[in-house]
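This is the structure I want to talk about, given as C-alpha cells.
Chain lettering (A, B, C and D) follows the sequence in which the chains are written, and residue indices restart at 1 in each chain.
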Amino acid sequence: MSFTIDEWFVVALARTIRDRETVFHGFGSPCAQVAMHVARRTHARDMLLVEGATYAVNPDPPFIPPTGNDLVLAQGSTYQMRFEEFFDAAVRGDVDRMFLSGVQIDPHGSTNVTAVGPVSAPKVKLGGGGGGCNLAATVGHLTLWTTRHRSGRTLVETCDFVTDMGHRTREGSRAELGFTGGGPEWLVTELGVFDFDLDGHARLRQLFPDVSLEVVRAATGFPLRVAGDLRPVPPPGAAELAALRGIDPLGVRRSEFSPTDLRRTFEAPTGVPCPC
Amino acid sequence: MSFHHSNDKLLSLASAAALVSDGALVALGGGLSSRLPMALVREMVRQGRRGLHVVGSAHGIDVDLLVAAGSIAVCEESYVGFEQDLGLAPAFRRAAETATIEVRESCCATILAQLRAAEFGLPFMAVRGVRGSDIRGLHPEYGEVTCPFTGETLVAVPPLRPDVALIHAPLGDRRGNLHLDQPYVLDERFAASSRNVVASVDRLVGSEEVDRAGITIPAHLVAAVSEVPYGAHPSSCYPGYAYDRPHLATYVAAATAGGEDLADYLATFVAGVDEEGYRAAVGAARLAALSRWSESTADWKAVFA
Amino acid sequence: MSFHHSNDKLLSLASAAALVSDGALVALGGGLSSRLPMALVREMVRQGRRGLHVVGSAHGIDVDLLVAAGSIAVCEESYVGFEQDLGLAPAFRRAAETATIEVRESCCATILAQLRAAEFGLPFMAVRGVRGSDIRGLHPEYGEVTCPFTGETLVAVPPLRPDVALIHAPLGDRRGNLHLDQPYVLDERFAASSRNVVASVDRLVGSEEVDRAGITIPAHLVAAVSEVPYGAHPSSCYPGYAYDRPHLATYVAAATAGGEDLADYLATFVAGVDEEGYRAAVGAARLAALSRWSESTADWKAVFA
Amino acid sequence: MSFTIDEWFVVALARTIRDRETVFHGFGSPCAQVAMHVARRTHARDMLLVEGATYAVNPDPPFIPPTGNDLVLAQGSTYQMRFEEFFDAAVRGDVDRMFLSGVQIDPHGSTNVTAVGPVSAPKVKLGGGGGGCNLAATVGHLTLWTTRHRSGRTLVETCDFVTDMGHRTREGSRAELGFTGGGPEWLVTELGVFDFDLDGHARLRQLFPDVSLEVVRAATGFPLRVAGDLRPVPPPGAAELAALRGIDPLGVRRSEFSPTDLRRTFEAPTGVPCPC
C-alpha cells in the first residue's frame, strides 16, 4: 500500500486529537480540516468536531471544498453554532483543541500570519489571524502545523509579528498573562513532529523516514532540541488512508505543499496495525 | 440605532448604496466567500465612494475590490484573502505594503466584543487574550480594566457602532425583514449595533414568505432594502448559488497583475456596467451552473472544479 | 461547563432530579406561568431537596411550591407571584415576611448580565441602572467599575454559573437536543452558562424530528433528559397545552390558607403521587381541555375562564 | 354612549403614547397592556408595540389573557424578540416608553414593588420588579400608573423600598447617576392625571369629573402640586372605546380596580371629537 506525504502528514495531524475532545480549525486550513474528519472517522469517533467557519457540529460532508465557508461543509450536521456561540464556548474553556498554522513560527509556538517584515510597511502583508489571537489564549490545546519547514523561513528564532501567542512572548508567559488555555502541544511539519518541553520550547520527537536530522537542523531557524527517544513518524493505517481519501476527493490538502514535497511517496511496511 | 418604523424601505441599488457616505464606518456582512454584499460594494465603487473605514471578520473580494478601487482608507478586518486556494488578497496586499491604506488588523472575538458593547449599551467590554499578541499594538484605542472581584487585568475595548452595515440576504420583504441561512457570521450583531442596516436581497417576497422561512434580521433594524438577483456573486448565497471560484481566480489574476488587467476587470464587471450588465458579463450559463449544486454531489463538486 | 458528549442522556425523572444536590445553585427555566419545569420541581420536593439557591427572572408556582415544601434557602428571582390575576405568591410571601428564606431580589437585566459573564468567560460584567435602586443594597457581592474610556462608574456584577439549569421543552431527543418555542426567556443563556442542564420533555422523539422543529438547545450543553408528559403543568407548554388557571387558583388558595389545606395539596399533587398519579389527580379531561386552545378563539378564551 | 372608569382610565393611559414610539409594558399590567393595543388601533398606528413577556412585535391578539406570558399575545406578530434582544434594545436606548406601576409611588416617580415595611422582615412582601430596575434607567420615557390612589397608601412621601428609580433618589438625580432615560413623564391614577414639573415632582394636570381636588389632596401622601391650567380628563372617543372593548373581551383590565371604583360610570358628552 503506497501513500504520499500529504496523506501521511494529515494522518499525523489527526493523531494529535484525543477522543471526546471538542476540536476546531480555522479557515484556510485544508490539512487540519481533513485531519479532523479522519480522526472522527477512525480513533476519535466521539469527538465534537466544529467545522471551521460554518461552526457546524459533527457534520459528514461528502467532500471538502476549496473554501472554509461553504454549505457542503455543514452537510449531515444536526446543529450549527452561531459565530458568537462558538467564540464564547472557546473563551470560557469548552473547546479542547484548535489547529493553528503560521508563515512564521517561533520556538515557543508563537505564530505570525499578519506580516513579514515591519508591520507598518511589510515586505509581505499576509491575510491576518481571523479569531486566533483570542482563541489561542483560552483553547485547551493547540496543534500547530506547517508544510513549509523545509524553506528555512518558517521556523524562526523570532516572529516579525506575533499574531497568536504560544507559550511565551516578550510580554511574559501564559500564566503571567492570565491565559486559561494550555498553548501549543504539537507542531507537525512536513519534516517531522515536535512537542514542547517544560520550558515550552519545541522539541523534535519524530522524523519522517526520508528526512535526516541534518536537514531538519538546517531548516530550523533556532537551536534544534531533539528528544532522547527520537523515532520515525508512525505510518498511516489503512483505515486512516481510506477515511482521508474518502473525505478529500478534491485533494484540497495538497494545496498546502510545494510541488517538490508532493512527489514524496512511501510504501507501508506490511502488517502495521492501525491505531484506530 | 433607534428603530426604523417605515413600512416601505424598498430602494434602488443606487439609492441604497448612496446611504453610505464617504469616510463612513462600514460593517461588511457575510464572510470569506459567502454572502458578501457584492452588489452594494460594486455600486459604491461606481459612485466613487472614498475614505471608507471597513470592519468585519474574515473577508475576501469585497474588501480587496474596494481597496483596488481606492475606496478604503482604514481596514479593520480580522482577515482579508482567498484562503489556501487562491492565496493573498492582491490589492489589499499591495496597498498595505505601500502604506496607501491603514491596516488596523483585528481579531474576530475582539470585534464581537466591541459590537456587543454597542449592542448592550455599554461604554466598554473586557476581553481575554489580545495581550501577548502584537495586534494589541495596532490599537491604541484599546485600554485596560481591572476586575473588581478577581483583581486580574483585562484588555478593555470600546464600543464599535458602524454607521452602516451592508448585509446581503437571499430573501427579504419591502418592510425590511430579512431571512438568512447559517452561518450568519456577524450579521445579527452588525444589525443590532449599527446605526443603519442597508440590505440587498436576491429575491424580494411577501412578508408571509419571509416569516415562513424565518426572520433572521427584523424590519425595525433595517433602514433600506434593494432587490438584486445574484447580489452576492461571485460569493455564494445558498440555497441560491455556490461561490464562483473561476470568477474569483479571474479577479485575483487581474488584481495581481494590476494596471491594464485590473482596469479591464473593473471596466468589464464594475464601473462600466450596472448590475444587469454585470450578470450579462458573467454570463447566464455560468450563473445557472452555480445553482446546480443541489442536483447531485457530482454537480456540487463540479462547481468547485 | 464543558460539553456533554454522551449520545444517550435519557434518565428517569427520579434520576434526573437527583442530579440536583441539596444547596445547589439552580436556574429555573421558563417564566411566569409558561414552560416552568414543574415535574422536576415536584420530584425535587418528593426527594426532600433542601437549601436550594434559585435564580431566574419572573416566576410563579415553581418557586412558591419549592418554598412551601421548604426546599429553598435563597431566592434570587426578579419576581415571584401570580400577576394581577391571582396576586402575591403565598408561601414565598410568608417565608419572606418571617425571614425563613433569604430574598436576594434581583433584576432580569442584571441576571442576564451575570449569566453572560459566565457564558463569555469573563470575571465580571458592567450594568447600567441598578444604581438608584435599593435592589443594589440586597447584593453586597456587586462591585463597581470605572470605564477606562468615559470615566463613568458602572455597577459590576460577578458571573452567575448555576450548578444546574432545569429546563422543560415540548420536544427533545435522547442525545439531549431540545426544541423550544418562543419566548425562550433565559433558557438559552442558562444552558450556556450552567454546569449542567437537566431537561424534561413532553415528548421524546427522534433527532430528525427535533431537527425539523429546530434545535434551540444543542445536545452538547445537556447532561440529562427525561420524558414527562405534561411536565410543565400547571404552567403552559405550547403548542401542547395552555396554563391551567383553575389549578393555579386551587394552589394559591391552599398555599394562602397554609396548614391542612397546603398539606392536602402537597399530598394530593406532589408528595403522595408520582407524575402518573399527578396527571390522574389533575384529571385526563382537564388536561385534554388545555390542549383545545387551538380549535377556536372561543375555545382558547374558555381555557382561561 | 356610556363607559366605566376602567375604560376611561385605559384610554387616558393610551393617550400618553406618541405615534412611532417603541413601547413596552411589563407583566401583571393589564391596564397598560390593553392601553398599548388601544393606542396602536387608534392614534398611534405606526408605534412599535412590544408585547410584554412574549416580546412579540406588533401582534394582534384576539383577546388579552389573564397572564402576561401566553401564546395568544403573540398572535399576528411576524417577529418575536429574544429576551436579551429586548433588554439590550432598551438599555442602548431604542425603547421610547415603558409603563410602570407601583404599590408605592413617591413625588419624584420612584416606585416600590418589592416590600412594604422593612425589606429584611417586610409587613408585605410584594412580587418584585422584574426587569424594571435597569429598564427605568434607560428607557426614553416612563408612564406610571396606579388604580389605588384613593387608598391613601399609594402616593407616599417616601417609598419603603425603591425598586425602580424615578427622577431622583437619595443617591441623586438621573443625570448624576448617568442614566440615559428621561424618567417618568406621566402618572395616571383613577383620580386624575399628573405630569412632572421641572423639579421632576408630580403635578396634577387633569381630574376625572367625579373627583374633587380635595379628594385627591386627601389621598396623596405628599404636598399636592396642581397645574395652573387644571382640566378635566378628556373623555374617550368612540373609536377608542370600540378598540378597547374589542381587544379586552375578558375584561382583564378590571382586575386592577376596587369594586367601588368599578361602579363609576360616565356618559359621553355628545359630539366630542375623537383625537384619533
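What to note about this one:
The definition used in the following text is that a residue touches a chain if its C-beta (ideal position, glycine included) is under 8 Å from a C-beta of that chain, and two chains touch if they have at least 3 such contacts.
In this text the structure is predicted, and so the values were computed from the model without any measurement.
Comparing chain pairs A-B and B-D by the number of C-beta pairs in contact, the larger count belongs to A-B. Separating the centre of subunit A from that of subunit B, both taken as means of CA atoms, is a distance of 28 Å.
With centres set at the average Cα position, the gap from subunit B to subunit D is 43 Å.
Each chain gets a centre from the mean of its Cα atoms; for subunit B and subunit C, those two points are 40 Å apart. The geometric centre of subunit A is 60 Å away from that of subunit D, both derived from CA atoms. For subunit D, the set of residues touching two or more other chains reads 91, 138, 180. Shared interface positions of subunit B, i.e. residues touching 2 or more other chains, are given as 121-122, 128, 152, 154. Touching pairs of chains, sorted by label, consist of A-B, A-C, B-C, B-D, C-D. Residues 31-34, 57-58, 77-81, 83-85, 88-89, 92-93, 96-99, 103, 105, 107-110, 112, 127-135, 138, 152-154, 181-186, 188-189, 236, 238-239, 242-243, 245, 293, 297, 300-301, 304 of subunit B are the ones touching subunit A in the complex. Per the touch definition, subunit C reaches subunit A in the complex via residues 1-3, 5, 7, 118-121, 177, 192, 207, 210-211, 215, 218-220. Only residues 121-124, 126, 128, 143-145, 147-150, 152, 154, 156, 158 of subunit B touch subunit C when the two sit together in their complex. Touching subunit C in their complex are the following residues of subunit A: 20, 22, 46, 48, 57, 78-79, 81, 85, 88-89, 91-94, 96, 138, 180. Those residues of subunit A whose C-beta lies close enough to touch subunit B in the complex are 27-30, 53-55, 62-63, 65-72, 74, 80, 82-84, 87, 90-91, 114-115, 119-138, 161-165, 169, 171-172, 174, 177-180, 249-250, 252, 255-256.
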